[in-house]
Amino acid sequence: MDLIEIKKRARQRLKGFCRVCPVCNGTVCAGEVPGMGGLGTSSSFTANVEALKALRFHMRTLHGVTSPDTSIELFGRSFTTPVQAAPMTGVVYNMGGDMSEAEFIGHVVAGATKAGSAGWIGDGADPAMFESGLEAIKASGGGIAIIKPRSQDEIKARIAKAEEAGCIAVGVDVDGAGLVTMAKFGQPVSPKTPNEIAELVQSTSLPFILKGIMTKEEGKIAAEAGCAAIVVSNHGGRVLDHTPGAAEVLPYIAKKVGDKLTILADGGVRTGSDVLKLLALGAQAVLTGRPLVWGAFGKETEGVTTILDTMKAQLIGAMLLTGTADVKNVDKHILV
Amino acid sequence: MDLIEIKKRARQRLKGFCRVCPVCNGTVCAGEVPGMGGLGTSSSFTANVEALKALRFHMRTLHGVTSPDTSIELFGRSFTTPVQAAPMTGVVYNMGGDMSEAEFIGHVVAGATKAGSAGWIGDGADPAMFESGLEAIKASGGGIAIIKPRSQDEIKARIAKAEEAGCIAVGVDVDGAGLVTMAKFGQPVSPKTPNEIAELVQSTSLPFILKGIMTKEEGKIAAEAGCAAIVVSNHGGRVLDHTPGAAEVLPYIAKKVGDKLTILADGGVRTGSDVLKLLALGAQAVLTGRPLVWGAFGKETEGVTTILDTMKAQLIGAMLLTGTADVKNVDKHILV
Amino acid sequence: MDLIEIKKRARQRLKGFCRVCPVCNGTVCAGEVPGMGGLGTSSSFTANVEALKALRFHMRTLHGVTSPDTSIELFGRSFTTPVQAAPMTGVVYNMGGDMSEAEFIGHVVAGATKAGSAGWIGDGADPAMFESGLEAIKASGGGIAIIKPRSQDEIKARIAKAEEAGCIAVGVDVDGAGLVTMAKFGQPVSPKTPNEIAELVQSTSLPFILKGIMTKEEGKIAAEAGCAAIVVSNHGGRVLDHTPGAAEVLPYIAKKVGDKLTILADGGVRTGSDVLKLLALGAQAVLTGRPLVWGAFGKETEGVTTILDTMKAQLIGAMLLTGTADVKNVDKHILV
Amino acid sequence: MDLIEIKKRARQRLKGFCRVCPVCNGTVCAGEVPGMGGLGTSSSFTANVEALKALRFHMRTLHGVTSPDTSIELFGRSFTTPVQAAPMTGVVYNMGGDMSEAEFIGHVVAGATKAGSAGWIGDGADPAMFESGLEAIKASGGGIAIIKPRSQDEIKARIAKAEEAGCIAVGVDVDGAGLVTMAKFGQPVSPKTPNEIAELVQSTSLPFILKGIMTKEEGKIAAEAGCAAIVVSNHGGRVLDHTPGAAEVLPYIAKKVGDKLTILADGGVRTGSDVLKLLALGAQAVLTGRPLVWGAFGKETEGVTTILDTMKAQLIGAMLLTGTADVKNVDKHILV
């Protein structure tokens, strides 16, 4: 019931920037960047959803799992759910602007924290975006800051601010290298060499995350550069058309570097089943984005919490019927 | 003609809870639980239908089969058709409530019995559901009772009642372990360990059935626990999103334990062709559910009988054109 | 232009019994038997079309083929096109009855003959159907009679009549064994044993055809029984739901018995490309049905001729761009 | 913004001959020849688009590519983009006639030249088409003339005119052998033997191009006949229904003769991603057609330039996120 109300209100407040479709798969909003869609034909957004959809569970009910454990440890903190809040910015041009950037990220970080999760904040063309994210993290007593692949000095300056704000980890979404809109605002971004990544890792005492890894080769580069974690992600399909879905490449990356760093994944996560699938493929935690936009626009902080709580409940249901006792140790054989 | 009238009236009386679509595949009613749909994205409901659709027959007409035999023996009784009536409850919240729980199950069990089949009854949050089912079985002189995976004592108490009511077999739908709605009504359900299953088997002299088996490993557990039969089933796609279709896993399960217990299957059975396909994959009998809802709402007891008679006629037609003489011995090579 | 007019008028006169869709694939008319659709879910009708659609040509233009030869020899006669008119009956209940059975088959046989092809006639519940077909053949100086799988005596009586009418070949559509409507009219049909087929072959001096072969095993039975030809066909998807398309099984049958008897095929033939594909898969000639209904209802005899002439022109175009000089010797490697 | 305006105006001026669909894949315009559609079922048009769509990129951002080079050398000239303007004629019957043939080809050739590309001109039933193309090439100081597969003498006469007009290369679109409309206007075309091709090659000092090669065998014939280049193409799906897409056959052809002549490709090229994919499959340059019709009808010469500039910008974006430094050396491993 509550969820229906949240989605209904979000649909109104998002003014068509997001239609809050019954199935959120990038079809209706194809090409809407800015907006909430996938870039170009939206094939990379759609691939995220389709890749998850293609995975299926062996249903099992003859076992002793009756109280599944959904808690994880991440960057030295404990969380009661393996789902974290993906970094998102651009409320005005991506979401219609019915709340301010600061209000939005405030709801996301606070709502995630209340749900036993953590809020990640992003970086954008307007420097105020990153600042308002850090304010939200300060207010909630923790969170993770992701910085665009700017010049080394610009990144380091932001890492310093993130440290001050009490972030538990910091990182760069290297796939943002394709965000040409950034350059238009005098904030150029670009690919990063392995050496540049290593330099950033060494510049901070916080765990360093690379977000936007889609090949095992780049997973290896991240590990060798000393990264604490990577996020397997195609940026929600918003930076390059025609990539695989995250769930397609995740197992290869996990096999290659799963023992060397922490692996997170995002892209198309809508339900607890999606969460369990990514964990089964080798992720230690997952991120979700668009559903939290619905939560924040539909019922502010409480809406974000409700979305994450719902996913946790669905996750528990799926764990019960697959015989999965603990999200920290998900058997890949629960997948067909 | 008659069938068209039955569906038309059912469409009206079901008030949109079921649209009685031309092709019943879980698409339109996706997520409608309660209701008649599949859980979540309805992928498990759809998988049942798609898996059957993907199977095709070698058409053969140069042979001597002119009077196919559709009769089977099951739990010591003879039936003239291999299609049984799947257990269904929740007339008010799943079907719109235009008839009472007792009326509905009465029509299903009586109609099935008249068609030379047997009616299965289910268990639900309201204890009256199981009771009205037993009444229907008493009235028809036989039937099968399926109990939710409640506490061992609760199940045993219901088994005792089923014995008294003259059931020819009794069982538990273990996949009901995912029905969180049950707990809300103070009727908790959960997965069952192999030992718990064995205990239930030993508690009754009736043949014991496990409904909701989707892996060969759990088929083996059922056999070792002494079950007389299993039903390969994903609960019509209503308990876990993203499972395979029953027809996909059936052959593996049949190969593993087909010689150790009786195998039944359900999920997506709409026509006599579907029946023949499941028999060819290793089932000894099949269950059908939603079509009997149309029958009961469309023309009460007679409607249920008509639906089952129609399936039998279609089954005979498909047997003729595949050279299948007897449903008790279906050659898997009739499938491409 | 002319073709558009023919289809437009046919659409009107067929009164919705056939919609003359832009793409004729059995989707809109699914289940319309009687009518022009496929049985049940129409999957066998659709499979015919999809199987042809899945085949693709290697386009080749660096060769010396500038005047492709489309002529064939069949049952001792010469034809200028490899496309023959499939046997069809039931104008009233299948096509809406805007012309009589006699008019319809008259247009089909005459139109086919004028196009350098031959008309095949069918058999139905009403004995007048077969009679009117024979009249049409007499009037056109030749054609082929296909008889339903009735009792041996009934078939032999019809073979005798076909001989008298000047048929160039005669046969039985054994897949008609599934036409339960026949029995309702006191005209039972059934599968035939290999011995029964041999008896029929020996009862006539005309070449004997088995129509409705979909497996290589039954192709072998036909050859051993002395049949002159088989038609690989699922009866346009009208007798058994869920069979493969004719083009899927044709190559296996052709490999098995292509050197022992003449192989024809039908099912989904709409254009000259379809014709060339079936020839490449091993058929010596093909039959087309539904398009001739459009021809007959759209412009009577001339309409039938126009449809067949159009297919021949398309066939020539496809032969030019695949480097195929002669329909009597089509290289299977023109297919990808 | 500009692109939206261009497409909007083009949609109006093209009068439904092309709907300028959001996704241009041959579905809506199926069979519209004349018109802008694919022949018959449009399967060859659609195959071009689908084959490109099926290819996906490994996203990579940990590298040093920050300024991708899009320049190529072709037929002794330098171009700043690897995308050339495909030859197109028939403005009146294919595009609705809202501008003249001369105006159209003038805009295409001038717009392409301004974009650092080259304009290709075509040949048609009306000799004025080829003449107006040559005028456009003269006015822009270069371009490429493609002649229909007419008689040898007719082709040679046109080659001579192309030489005079200052063409940088000349060729024949052999797949035009299937354009039966040409014969209706007394301008017969036909397949060409290898010897005829060699004769044409030797008749001119200009580089000679064969357009419409879809097999490696014919690629080899082209190389042995002395052709400077081939265009892997199914003529935009307009001459033979049911061929593969160009991107499907390109890698086989490139492997066979990529070291013997220059390979270009077209078919379904809509974005810079499509361009990069064809280059990765072995093309040295690509052609695009329909998008330039939108450009020319939407904003004349400037519209054509805008379309090509947009593709170049998209190409640069895709090169950045795949780590591709230079279009002259695209690693096939950027594709999944």
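Brief remarks on what is shown
To keep things simple, chains are lettered A, B, C and D as they appear, and every chain counts its residues starting from 1.
The rule is short, and it goes like this: a contact is a pair of C-beta atoms (placed from the backbone, for glycine too) under 8 Å apart; a residue touches a chain by one contact, two chains touch by 3 or more.
Everything numeric here is computed off the predicted structure, so don't read it as measured data.
Fewest steps needed to get from chain A to chain C, stepping only to touching chains, is 2. The chains in contact with chain A as well as with chain D do not exist; no chain meets both. At the far end from chain D, in terms of centres built from Cα atoms, lies B. These two copies of the sequence, chain A and chain B, are related by a rotation of 90 degrees on CA atoms, to the nearest 5.
Interface of chain C with chain D: the two copies contact each other largely through different residue positions, with under half of all numbers used appearing on both sides. Computed from the mean C-alpha positions, the centre of chain B lies at a distance of 41 Å from the centre of chain C.
Chain B and chain D have centres, each the mean of its CA atoms, that are 58 Å apart.
Within chain C, no positions touching two or more other chains are listed.
Taken as a contact graph, with one node per protein chain and an edge wherever two chains touch, the assembly forms a single closed ring in which every chain touches exactly two others. Under the contact rule stated at the top, the pairs of chains that touch are A-B, A-D, B-C, C-D.
Residues 30-31, 40-41, 43, 47, 149, 174-175, 177-178, 180, 190-194, 197, 210, 212, 214-215, 217-218, 221-222, 234, 239-244 of chain A are the ones touching chain D in the complex.
Residues 22-23, 53, 55-66, 271, 273, 277, 313-314, 317-318, 320-323, 336 of chain D touch chain A in their complex.
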